[in-house]
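The two complexes that follow have chain A in common; it is paired with chain B in the first and with chain C in the second.
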Partner chain A sequence: MSAAGSKNNTRKRLALGIICAVVFFFPIYWLAAISVKTPDEIFAYPPVWLPKSIDLNNYYVLFRDGDVWTVFNSLVTAGISTVIAMVLGTFAAYSIARYKTGGPNFSMWIISQRMVPTICIAFPVFLLFVSLKLVDTYIGLILLYTAFNLPYVIWMMRGYIQDVPIELEQSAYIDGLGRFQVILKVVFPMVRAGLFATAVFTFIFAWNDFLFALILTRSDVTTYPVQVTGYFGSQSTFWGKIGAMSMLGMLPMFFVVATMQKYIVRGMSMGAVKG
Partner chain B sequence: MSRLFEFRFIILAPAIFFILLIGLYPFVNLLITSFQNITMFADDTSYSGFIHYERLFQDGRFWGAVMRTLLFTLVALPIQIALGLGMAFLFLNKMPFKQVLIAIILLPTVISPIVAGSTWRLMFDNRFGPINQILGWITGTDVELLWTVNLDLVWPAILVADVWQWTPFMFLLLLTALSGVDEEQLEAASIDGASKFRIFRLIILPAIMPVMAVAILIRGLDLVRLFDIVWTMTQGGPGTHTETISVYAYQVAFREFDVSYSAAFALIIIVVLTILVLGFLRLVEVER
Partner chain C sequence: MSDLVLSKVNKHYGDFHAVKNINLTIESGGFTVLVGPSGCGKSTLLRSIAGLEQITDGDVSMGEASIKDLAPRDRNLAMVFQSYALYPFLSVYENIAFGLRARKVPAAEIATKVEEAGELLGLTDYFERKPRELSGGQRQRVAIGRAIVRDAELFLFDEPLSNLDAKLRDEMREELKKLHQRLGKTFVYVTHDQIEAMTLADQIVLLRDGEIVQNGPPMELFNQPKNLFVASFLGSPSMNLIEVSVPNDKNEMVLPDGQVLEIDQSRHDKLSKNGGKIIWGIRPEHFEISGEQQGTLSCEIDVFQPTGSQMLVSFRLKDTHVLAELPTHSVDNSQTKMRLVPDMSRTHFFSADTGDRID
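== the complex of A and B ==
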């Protein structure tokens, strides 16, 4: 292939690539635009493509009415459950990866917990939480997100720990370190990147969850996705609030796609595809 | 009991305790409840046999939800694979701004399905959404299609939302798989004069098959439990026209409080899915 032809080809692919990006980004742009439109612009016909000015009133209303509290609730439940799941899950993963505890069937059982449709276990969990008085509490949601994300953490960290050369640990034992010290001082530093990536995805799964939050929250610990659906009324739909709240909920994701690309493949394919 | 034995179980036990909360308790509860007769009005905990399972088999609404969910999965999955594969080929070789473009394309996949559903409800709004306006420009007339109400349009609207959110996932996985295909083999084949289609079928496809299988499994399971996007766009309506398995299961459990019936419902779904997944895994193993 001649150099000119190849250059031409690259341009053509770049043009197509930009078209793809525009198509996939446009709905998000539209949502962002709605969030800074005035009510007149939101309900204009034909629709306004470019808001005349950036009107932050939709965001202001969320703060004024306290709706933004739901983002805080998401932050608390997703954040704390991520920390607990990471700590417990990584130690469990070490046991499974290094001592082969439970054998391969046990690992399969763990990951299969992630494949059960949420709705199928929702009602028994709901009943249990009613009897434990955990409905609409931080503890209840944190417990559930921890339980739900643990299989993912164990599965992912098992993979990362298996990638660590076992010789490193053996020489650490010879140097006289105890079992816990080997994990903390040798293994954890080696899997630092994997720990971070897994934590980010664990956080995202809890952050994005809707069904568990819908069932287990009423008013006190409502998370932001539940709040967003609350703006769809039978009489009127509060598009401005939906836009603003969704943008707040989307903020962490901009960070993820901008900085975590390297880990997204492995993180989202449950470790099956190593990027 | 050796100290090693103790250590490996001590570090494992807390996590397993949590997992049992969702991994054991619900199943025991479902199993027991499904053979009782608990509804919103009755609390009959005596053994009542298989009445709820029998009812499930005669429930037209249940089968409707199953058929809709399966059909949607069978339509959405190939579309997402085809589009994802096409885009993966597009981005395979070097190109300027490649990483930036990929980051932008990936955004829909990491956002909450609730936000995705809301966004597309906005996009498809008959008056204030841009879709009808764009269609109006193309056709040259005013278009006022009721995407979330019209029986013929509501599934295509949901399909667009799901394809938008999950094609980037397929794209990313397949892009990784394609970058791992043996270049020398490809070159040798093209020197031998093999057609592009033959190269794809005999070299590329077998090489990316394992990744494809993972993607199909993960996405297939997501599609079978489709809830969030449908819930925001239509809540299963109009009528039961977009009611999926998960949406109907939600209605039975949390709207009608038909407890025992919902337990039988959930158990059947779990058992059938488990069989399907195990079958799929065996199939993939055999092919490898």
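== the complex of A and C ==
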């Protein structure tokens, strides 16, 4: 290919890259812009593409009224349920992968539990939680998210653990480690990328849950997705608060994904090649 | 140090009987090689010794004490795996030190032992590297290093050289033999490669279908194979096995193409007593070129294969393919015919029915 052709090609790619970036980043930019616009700017027509000044009043209101606690509630429920699901699920996955616990189709049965449309079990779950007095409690949501995420964690971790050569574990047994130590010192380091990737996705599932959070919370442990919907009123919609709350809700995920990107990519590719 | 004794060891996987009633004494300080074709149960037997497989019945004991119910870590052994089993997330140094750390050996002692092993195996320059940054031979050395720092009584090797290329395999074989002499510990080594078995072992245990076929010093198996399987398994190129008939009334044997070779009276008596067909076994290196007519075989050459100092000469006795290994300088490879004399003092006879040796 000639030098001119190559240059032309590079330009086309650059243009395509810019278009993609705009398409994907514009909604996020627009959300961020709304969160710092004044009410006049939000409703202005033609739209104000670039806010004239940064107005943090929407954020101030969220902190002043305590709405921001809903982000904390989300962090607590998603974070703790992720930790519990990862610990239980990984050990369960180890047992299934190495000791064929439950027979050859057990893991398939477990993952099939995730295939039930959640709305189908929403009502029974609500009744159960009412009778157990778990509605509007951290424990209730944490239990529910853990139960929902366990099948996914078991399924994913089982695949990663099966990819660890059994000789590594056997060698460690001979070297002098016990079963639990082998899991901690050999298996976990071997599946570290898979662990992080699975944990991130587990966290995202819990973080983004809306249906159960809506049904099972009232005021004490309302999570941030439920809170955001509260700003859509029949008389008016608080776009500024929606923008600000959405930005606050996005921040934890942004940090999680940004700091763990390396592991997420490696973990996903580990899964991709395991066949 | 004490002998390792296997008594009536059996291992079943469901209906499959992988190891059948093995009785074997592995002498302390010796180099025992378990050899046999794929699926003969040699690795299962090794793993049973290690405690990685639970034997179905029988006993494994070290000296007087039974070790069959002990966990692998309590059997005072070290093992080198075919895949090396190095921890990819640890450096070479940490891989070698792993077993010592697991046993809570003091840090100063760990440092000394790892340094010593590194010196011995030429690994000190690679201590900081990760296994993926090493060649196959270096990885194998790390795996051996990890085993030798442990000061175990028994060292187990599961086909440790099979992932290496031919040249490196030869080098590592020599190093392993030196290492055994230096450490003076009991080595049990599994391979399917008969050359490895012959070159390394003090004692070869040849297995087939989960059973010991023959067991003894390498040259005993080589010179006195108990049956056709042992005869054909050991030796490279392998022994020629030719079906012959022995008439009752003459001290001779008749080859497939009708040629006749004389045999002595006592041998004739034993062979004719056996009746029926006999398999004559002769190794390729036990032929010589001869100018004589008497006592020689007339051979029409199929092909010459020079290997350097030796020449492999293929010919047929009717439908039976025969190979002779001769010094290259003695062979004129433009010939189409040749007379060869077999060294009858080094031939073997087997029953065609049972495959057992006839002495």
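Details
The working rule: the second predicted complex is superposed on the first by the 250 of 275 C-alpha atoms of A that agree within 3 Å, B and C clash if a C-alpha of one lies under 4 Å from a C-alpha of the other, contacts with A are read in each partner's own complex, and residues count from 1 in each chain.
To be clear about the criterion, contacts are C-beta pairs under 8 Å (C-beta built on N, C-alpha and C of every residue); 3 or more make two chains touch, one makes a residue touch a chain.
Just so you know, these numbers come straight off a predicted model, no measurement behind them.
Legend: residue contacts after superposition of the two complexes on their common chain; A:139 is shown touching neither chain B nor chain C. Contacts of A:111 after superposition on the shared chain: neither chain B nor chain C is touched. Applying the stated contact rule after C-alpha superposition, one finds that A:171 touches chain C and leaves chain B untouched. Look at A:16: by the touch rule set out above, it reaches chain B but stays clear of chain C. For chain A, the partner that touches more of its residues is B, with chain B and chain C as the two candidates. In the superposition on chain A, A:76 makes contact with neither chain B nor chain C.
Taken in their complex, chain A has these residues touching chain B: 10, 13-14, 16-18, 20-21, 24-25, 27-28, 30-31, 34, 42-47, 49, 85, 88-89, 91-92, 94-96, 99, 101-102, 109-110, 112-113, 115-128, 143-144, 146-148, 150-151, 154, 179, 204, 207-208, 210-211, 215, 225, 228-229, 232, 239, 242-243, 246, 249-250, 253-254, 256-258, 261, 264-265, 268-270, 272-273, 275.
Across the complex, chain C is touched by residues 165, 167-168, 170-178, 181, 185-186, 189-190, 192 of chain A.
The touching residues of chain C, when paired with chain A in their complex, are 50-52, 71-73, 75, 77-79, 81-83, 85, 87-89, 98-99, 102-103, 146, 150.
Against chain A, the residues of chain B that register as touching in their complex are 4, 7-9, 11-12, 14-16, 18-19, 21-23, 25-27, 29-30, 33, 87, 90-91, 93-99, 101-115, 118-123, 127-130, 133, 136, 164, 167-169, 172-173, 176-177, 211, 214-215, 218, 221, 224-225, 227-228, 231-232, 245-246, 249-250, 253-254, 259, 262-263, 266-267, 269-270, 273-274, 277.
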